[in-house]
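Got some structures for you, see below.
Two complexes, one shared chain (chain A), two partners (chain B, chain C).
And now, the complex of A and B:
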């Protein structure tokens, strides 16, 4: 065997080894995905899609445990309100950070925002409990949205400020040369130019927020069986339902948790896919 | 400050007196005193790094956005010293439009919106119809109307390089400026597009005074009424295009024009 053939064999063996190790490392992930899909689809198929998406839980009957309607609605309302709360704050922060880049205040804001990414979300929940739930003397979807908005915030800030930073200088100059003030340039033109990055930030933030349990524990409480009448009512959310039901004894609870897990998986995956499609190299 | 403060009938569109510009402590424009007659094409030539773009950016106070830049001296635009304290630079920039070297329409806006954005944000039009007419007028002036009238709402990014540059010109014209600064507007264009823009420049000087930075002596000869030659921050020679091209007085000018300097 000559040197080249030997090298070639070594190369192939090496690649194979790496692929095997990779496969091994990914096995748990595949396992999770497959078992959630398998169990979730089975439960949802048994109950019926519409019933599962809109019905009220009936865990006493494991063969037809009802649906998780209030939790799904709760998650949608929480996501929508959190986004509405997070966007104006995040965009203004991003503008501040990118317009005054290099200034101490801007660097401090970036630091704060990085810190918020790493901040234990249970503490976000506690914080909102202290400043919203306690004074209002009630758990509410509003309190939950504020907590989730805080979770989303740093992702939107990071993506939006990066998108703003990447706008070439000559486009800014073009705007200035039309007699637009710095403020008008940013708010009326650059936000539009950065809209893709902003959208990606919102989607990534949403994907994170949708799957969060901890910030909701002390804020929305779990009203899994009733549809909320207003945003000041306690509510439910899909991850909260999974967290609570998975711990309950009883097959009905387990079935609902599996189904809910599958719904959550679908929601989060589709958001991430949209974000990926918008920008090929999204950092998650 | 008001737009009306600018006197449209002064003989000089731009007049500088002992203008000095620094970036930090780097002196890049030195003691420039220039007079640019109204409704002419005034070309500024000179080797790379001689300070042409810097000088141009001082005519519409775009240097305000360069924190390290410092301007000393007087720049009068239609009789108003634009570095005077009471002057609102955003109004100066409406009177003095600018076109850049790289065609730079706003990529997220349609052809129409690129032209409309300035008038819209300045509240120049009372109705949609008035705005439509202004957009059409500006696109016609920029010689682009016929090519885009059926696709005004397509993204500006779909245009060719030459069309993008004419769109940038239309965008500037939509504010009805009296002066148009053009910093090497054809440096990135093919010969055909370049010819279109040169024809346009000659056409436009009926309405506006054009200050044109160019590296091409041929271009200056084709379109300019006056030529200033800049060298290491100083204006070393100014004259009519004819004078400069037939009998340059300064040896540096001659060397540059024959391709020895720069």
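And now, the complex of A and C:
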């Protein structure tokens, strides 16, 4: 066998291997989507959609395990409150970063935000436990939403500052020439022009916050069976319910975990797909 | 006043000298918010250090280098907590994750950039984005139900028979909930992030370089190897950041790692990681005097590992971006 044939064979075999492994990287995704949908839909169909979305868990009866209403409500309340807390901080930070772009302060802020993305979210949970839960002497939805706001923040900052940076300079100068102050120019004009990027940032942050479990472990606790009466009550969230129920023996618990995983999967993937539709390049 | 002005020039660049009243008002309103971010990030380690002080006073540095775990109710002096198995488990599983995730993400990046027709690329990258966005608890639930039994039957059992004499497969496999399973799962989970970074770097190689490679008569595989060599810093950064994510992952690992405080090299043995230890033990911590503090010490260890790893990763990627002329 001469050198040329040997190289040729190596080339074909090598590329085939890369293609196979490359495709193989996606198989977990397909298996997750299929198995969660199959198991989840089965459970939800057995209990009925309305019952599953609003009912109280009844894991003692595996054939009709009830619903995950309190956890769904908890997740929605947590996500809404986290968004309300995160948005003002995140948008103003993004404005700061893009207005003073290139300056050491702006670069340092970007670095902080990147570090926060990469940081273990369980540390956020420990932190909020120490500064909110312990002084208040109670687990609460409020503490959970503060933790989730910290998780959301950097995603909104990254996406919004990129959108703000892309606004052409002459538009801002046109605003100045009309006598607008810098604050008015940014808040009235630039935020409006960057609304798409900002919306995508919020959506990505929401998707991340909805799926987080670790920051909630020590902050909202798990009150899966009762609807919370106020934001100072302990609450539940869908990921938390999955985590706790998946570790319980008993088919009823497992069934509820699969159904909850399907609901969570639908919520998160639809948010991400909408965000991808609005802006092709998203920071996950 | 002069001092404030100096500081502003240092922080914001020389044009801060020419700030008029309008600019100043703007800075006062907007500048307060990055301060909130900064104060949060500074107070996080401070709080964690404060909360872990009692355990350091109780047993000193042994909390990081001992593997004894003695939780005794009612007698605080008897309590002793060593986090070494957990710290080891975190580093070991994250290392496995980097190996698995590295192979998967590099092959995926090359596959998408070099072998797939243009119109399928968007679909594949959307799928990877969905994979990145999947909640970690969903990965955990799936792995506990499918990945763990699969690895047990088709990997651990045969390899234990063949390779029981090596430290990696010495532990007789009984369940699929092991350090190896946690590592493989983490590898799957970091793949989308690493693949996105590697793809971005891979596609940024100038066309003239690629043409030069082919003009020398290289085969496509040889070209791929040369191109991967060019983006080594980006691959390194992607894997380092992936390691950071894997070290901090909590619930998915807690569901598959087996949660046993053992210090072992064996992939077939149950183990524990710092994050899953904190998640598991926190509920029972109030019954003991020092346990909560010991868990905060675990948080401190995570913080230090995370800070070191992520700083290195971000630094490498920044150097690389500067070299190829991209700016943040």
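Some observations on this one:
One rule holds in what follows: the second predicted complex is superposed on the first by the 261 of 284 C-alpha atoms of A that agree within 3 Å, B and C clash if a C-alpha of one lies under 4 Å from a C-alpha of the other, contacts with A are read in each partner's own complex, and residues count from 1 in each chain.
The rule is short, and it goes like this: a contact is a pair of C-beta atoms (placed from the backbone, for glycine too) under 8 Å apart; a residue touches a chain by one contact, two chains touch by 3 or more.
Here the structure is a predicted model, which means the values were calculated and not measured.
In the superposed model, A:103 makes contact with chain C only, not with chain B. In the superposition on chain A, A:132 makes contact with neither chain B nor chain C. Set against each other, chain B and chain C differ in how many residues of chain A they touch, and the higher count belongs to C. By the touch criterion defined above, A:242 lies against chain C but remains apart from chain B after alignment on the C-alpha atoms of chain A. By the document's definition of touching, neither partner reaches A:73: not chain B, not chain C.
When the two complexes are overlaid on their common chain A, residue A:193 makes contact with chain B while staying clear of chain C. Contacts of A:181 after superposition: both chain B and chain C are touched. Chain A uses residues 181-182 to touch chain B in one structure and chain C in the other. Contact residues of chain A toward chain B in the complex are 168, 170-182, 184, 188-189, 192-193, 195.
Listing the residues of chain B that touch chain A in their complex gives 60, 62, 65, 90-94, 97-98, 100, 102, 104, 106-109, 117-118, 121-122, 168, 171-172, 175. By the touch rule above, chain C contacts chain A in their complex via residues 10-13, 22-23, 25-26, 29-34, 36-38, 40-41, 43-44, 47-48, 51, 103-105, 107-112, 115, 124, 126-142, 144-147, 188, 191-193, 195-196, 219-222, 224, 241, 244-245, 247-251, 254-255, 275, 278-279, 282, 295-296, 299, 302-303, 306-307, 310-311, 313-314, 328.
By the touch rule above, chain A contacts chain C in their complex via residues 7-8, 10-11, 14-15, 17-19, 21-26, 28-29, 31-32, 35-36, 88-89, 92-93, 95-97, 99-100, 102-107, 109-116, 118-124, 126-127, 130-131, 150, 153, 157, 181-183, 186, 204, 207-208, 210-214, 217-218, 239, 242-243, 246-247, 257-258, 261, 264-265, 268-269, 272-273, 276, 282, 284.
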